[in-house]
Amino acid sequence: MAQIGVGMLGYAFMGKAHSNAFRKIPYITWPPPLEPLLIGIAGRNEQAVGEAALRYGWDYATTDWRDLIADERIGLFDNGGPNALHAEPTIAAARAGKHVVCEKPLGRDAGESYEIWKQVAATGVKHMCGFNYRFVPAVRLAREMIEAGELGEVRHFRGRYLQDWGDDPSLDTWRFNPDEAGSGALGDLMTHVVDLARFLNGEIATVSGFAHTFLPGRKVDDAVEAAVEFGNGSIGTLEATRFAHGRRNAFQWEINGTKGSLAFDMERLNELQVFRADGDRARGFKTVLVSETDHPFWKYWWPPGHIIGWGDTFVHELHHMLWAIAEDADVAPYGADFEDGYRASEICDAIVRSGETGARETISYKTL
Amino acid sequence: MAQIGVGMLGYAFMGKAHSNAFRKIPYITWPPPLEPLLIGIAGRNEQAVGEAALRYGWDYATTDWRDLIADERIGLFDNGGPNALHAEPTIAAARAGKHVVCEKPLGRDAGESYEIWKQVAATGVKHMCGFNYRFVPAVRLAREMIEAGELGEVRHFRGRYLQDWGDDPSLDTWRFNPDEAGSGALGDLMTHVVDLARFLNGEIATVSGFAHTFLPGRKVDDAVEAAVEFGNGSIGTLEATRFAHGRRNAFQWEINGTKGSLAFDMERLNELQVFRADGDRARGFKTVLVSETDHPFWKYWWPPGHIIGWGDTFVHELHHMLWAIAEDADVAPYGADFEDGYRASEICDAIVRSGETGARETISYKTL
Amino acid sequence: MAQIGVGMLGYAFMGKAHSNAFRKIPYITWPPPLEPLLIGIAGRNEQAVGEAALRYGWDYATTDWRDLIADERIGLFDNGGPNALHAEPTIAAARAGKHVVCEKPLGRDAGESYEIWKQVAATGVKHMCGFNYRFVPAVRLAREMIEAGELGEVRHFRGRYLQDWGDDPSLDTWRFNPDEAGSGALGDLMTHVVDLARFLNGEIATVSGFAHTFLPGRKVDDAVEAAVEFGNGSIGTLEATRFAHGRRNAFQWEINGTKGSLAFDMERLNELQVFRADGDRARGFKTVLVSETDHPFWKYWWPPGHIIGWGDTFVHELHHMLWAIAEDADVAPYGADFEDGYRASEICDAIVRSGETGARETISYKTL
Amino acid sequence: MAQIGVGMLGYAFMGKAHSNAFRKIPYITWPPPLEPLLIGIAGRNEQAVGEAALRYGWDYATTDWRDLIADERIGLFDNGGPNALHAEPTIAAARAGKHVVCEKPLGRDAGESYEIWKQVAATGVKHMCGFNYRFVPAVRLAREMIEAGELGEVRHFRGRYLQDWGDDPSLDTWRFNPDEAGSGALGDLMTHVVDLARFLNGEIATVSGFAHTFLPGRKVDDAVEAAVEFGNGSIGTLEATRFAHGRRNAFQWEINGTKGSLAFDMERLNELQVFRADGDRARGFKTVLVSETDHPFWKYWWPPGHIIGWGDTFVHELHHMLWAIAEDADVAPYGADFEDGYRASEICDAIVRSGETGARETISYKTL
């Protein structure tokens, strides 16, 4: 079986999630497109990264990500570090001929995101931005239904990502440091909303809204609100917040079309709500447990009704990357490539600008 | 028992709903503050209004609402006619010394709404604008909890009123005639969203958004989207649409505060979702069936768990009006008076302006 | 419009529910099959029954139900009194040529129920037993779907009626007096479960189970459990209890067939859960808001999505009785007649016997 | 780190689930109590078991389970084979001094289950029966709440395990062969219901019910129904079926006590419904997403709200077994040992006997 060496930057939340995925891919997606070998892991805290290497089975740990770049056994560089560490290591890895995965947000703003995309694209390696929610079976099923025309013409998309851990002035992580994070709920949560909006409903044309910080002294945004128009003529709202008590990971979206509607909540990620305007006297939304043999990704898993977890979305995501490498196939459209990462940044920046100027912002993208 | 004669303009949807309420009030809210006597009903279609009088038990029918104004037995004029018929009859009734109820939207725009409020207020009669959703037990319970500080400082309000009957070019009622209706989803649905936003969370400071018409040739808006800031520092989104397939009467709102959250859906109007950040290890939203003996309005009804219907909200609403008349009490704050009706119009107009100019609009109200 | 005079025994819970229904029928079901005239109401407490007459608009009140029997203006006798007062007044009314409605349980046991049925049937009047849940739109829709074969061959019926007000030794109403009530949860709740089991799935063949009393000193049962076989080959469980904390009025049932399934909860009585095994890739239960123009009873009500309440089921039920009288039509099968009332009693008694003997009981019915 | 060699019988459904768990334990539960080494896997089909070994990383494959017994590197024998292969290999492994895990049902009937328990217990090894649902975080949380007295005195337990894949005469697996499976829904599903009933609510005193086969020619039961009494005075129903269309893996249970209630559905295994009779005006069931840092097993996983999957329950289960071995601790009461496996069989057999004799069966257990 063909193999690929993996190097990873970051050992915390995404480090755990991605390590778990790389370890499960070989047997869950059997036979895998490539067998990932866990070569090296890099992080700032020597003790912590050392323990992570031991725990997750990486061959070695280092406090210098350049060691990974220099390691010729590594063919795939997976960047799960803080946002400030997305650009330089990712570009360096690509220039060293390594395929790259980079967590979202791609850069701390649209300018940085564009630069990452541009520099990496120039090298010809495969690149994927970590919008793992494209790989939730229910989300992929939604995409397939929409592509097949099952919703007809789309009228509305509304998405909101609600969490509730931010309303605490004592919190102090890199996520609240504007240099390291770039932004708050915007880059952390709104990028996900924007990405699925684009994945399911196409490009956004205009945004009217703002980012907002509730806590005095906090230096990044706590929440973001926007009314939006899409290129396909549909309209809606986008929202992201860390201040919605009781909503732990409630990434909720709904899409309404002339033939039907779909709705979703990440806290019940195995379910898709499906409405079909088919004239059935029994009219209503179906609660579809997306776990059938003919559902996306389900050939890897269990009998119908035996649900998967949040962590398993990374199995699908990184499997997709390995497949793209093995087959020399495009990461997009089912995966998000760096252009998608850049575009999400453009939209997020436009919401911030709208907030600052009070004006509706029209989205325009740069090309390479 | 003291009595009051009622005259009603309109015999269709609101005519049925209000007639039913007037008939139920005497025995359901026993003893009622005033016994309503159904005197006269007015409408344009002679046969239809005649049948309505027979059906609902009005003493007489007329095709000229001025007959009701002239009728000295009538002490309360209830205007459920098309929007274009709100101003003149309502003002005339008030000038004739009759207390007035007027369906929402109060006027077809803020200017007309202001005029109605101003002229009626000058007469000294009681006035109520038909925001009946303030009288859903779950909504009133929410208000009481918020007033008691149970949510702490509010961070977010998001509201959306989703219906799905509008996506049909063949529809032709007064609701699509801009002269008669003034607007589409804006006046019909968004006014409700705005009113409950104000009822539960106070004044709106700014709006960024737009109204939108999907169907070529349709002369009123089909949907409205807005990102908003409230005077209390909270933020959110407001939406109204007649184009959300599968959502029949989904007036959904959620409010998040530092101590808890509440959520609601009109399709399950007997339920309130309640989250308390109280440190209980069993952490989550409660599905509260608002039908307990200590819940708002429930003394009138059935044993706990025996739910009420949408039509019953009007029993509470019109009972409140009769109580205000009998007690010479203010309709506000638990009922919406014409100032509330006017303010909802101001906010709706501001959303339209924001859509036209592309700029965030700051809300300011006129006073008398 | 043809009219019928009504006399009612009982002014409390059912008195309120039925009075409300009689008052709403003329205008909600317009034109009604017969216009009910509220003639006389009887009850033991002179002050209370007098106030009820005033409140609900009955012409007169009496403490002697025989006054109603003697009143020639009364053509329909509606018995909502305690269970011990079902037999004698109902039979007397029928013998006096009055059509009769009697609340469930028909009698306090199968013997008494049979006697009521037999004596009343002999008179030729119309008779209806108050199983109002047959008149929930979602329940009727279920019946229509099953009759149309949409579920295929039925495999399972499971029903449970859960309430939570009984776990209090201080409670003292006629419902806990075995002479007045006959039984506890059995007659109060299990009869409803049995009736809908029969209404939706046909006759029950055997029962294995028991009635149970939790509280020392309580003289009626608190809960009932049974495993059952139906005549059509399907199997399931039946349960009724007043001891299920948090369940206020949770009459829940589910039926599974070879082509689909239906599920229901009275706390959300406007909804029917519908599963169709139709091969749709979007596989799941639909939440059907039973409020469409082509849904049962909905021509009387509001636009789709504007839900009705528990009290409104009596409007449908008593309308059906007035229709049967006006048309000289059978109350059954869509309404429950006294034979249905008797049969529910037989099954309930069989569960009690099964509990006493420890043996499975085979159901057999007496005929006239 | 201390290690233990594992040998496994069975490579299909449970083989995949357990292999996955053994591979995840070392890093997810870091540091694990023992590091499991995947030594040998046995199965009847040489090609299939060979591929399973390759896929999941077992050192070798064999078609003779005796090879595993003879392998001195193996300290833990995990039996996930067909029911007919539970007794002999499990006993042999224990006699060879290996700790044993055996899937449920322990034996094909109570006699065989008793024998397995007796023979294995005599060896002194650790033994666990595969009731993995004890290791769902929500189920463990329920147990902890009940143990802490948070429900008060229990009144009801009702459990049902509904699946829908059985209604197809063409199905032909060992699960329909009475020699290999012993029974149908009884051993496959009802054992789970019985085990959680015992885990959460203690011993069952009597059962009244039956097993039933719908399809002509099918040689095992398709569904089981029972009314039950518990030793603690509570009562309820138990049900298991493969014939409930639309219910894929709906293992649902509810428990009602004097202080509160809990409810659960395996299709939403991350959620626990919690009702507390605490006098809060906001009265209702909470939907608790069991993913907090202070919830059972959650220290291993993700931030709150990021749910786990069905497959992850085996991580908890087998971790528990490794812990019991490492600490020389009892598998019970949080895990199910072979006595629990035996007792579940006794209750299942009693339901079958009740069905055959028509009599209520009193449960009595044998001891060693």
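The first chain written gets the first letter, and so on, giving A, B, C and D; residue counts start at 1 in each chain.
Please note the rule applied: a contact is a pair of C-beta atoms (placed from the backbone, for glycine too) under 8 Å apart; a residue touches a chain by one contact, two chains touch by 3 or more.
Since the structure is predicted, the reported quantities are computational estimates derived from the model, not experimental observations.
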item	value
Farthest-lying chain, centroid of Cα atoms versus that of chain B	D
Comparison of B-C and C-D (more C-beta pairs in contact)	C-D
Distance from chain D to chain C - Cα centre to Cα centre, in angstrom	41
Cα-centroid distance, chain A relative to chain C, in whole angstrom	54
Length of the line joining the C-alpha centres of chain B and chain C, rounded to whole Å	36
Where chain B touches two or more other chains at once, by residue number	247, 283-285, 289
Interface residues, chain D side, partner chain A - complex	13, 17, 19-20, 23-24, 26-28, 30-31, 55-57, 163, 165, 247-250, 266-269, 289, 291, 301-312
List of chain B residues in touch with chain D within their complex	141, 145, 271-272, 274, 276, 281-289, 292, 294-295
Touch list for chain A against partner chain B, complex	155-156, 158, 160, 162, 164, 167, 208-210, 212, 214, 223, 225-229, 233, 235-237, 239, 241, 243-247, 254, 256-261, 275, 277, 283-285, 354, 358-360
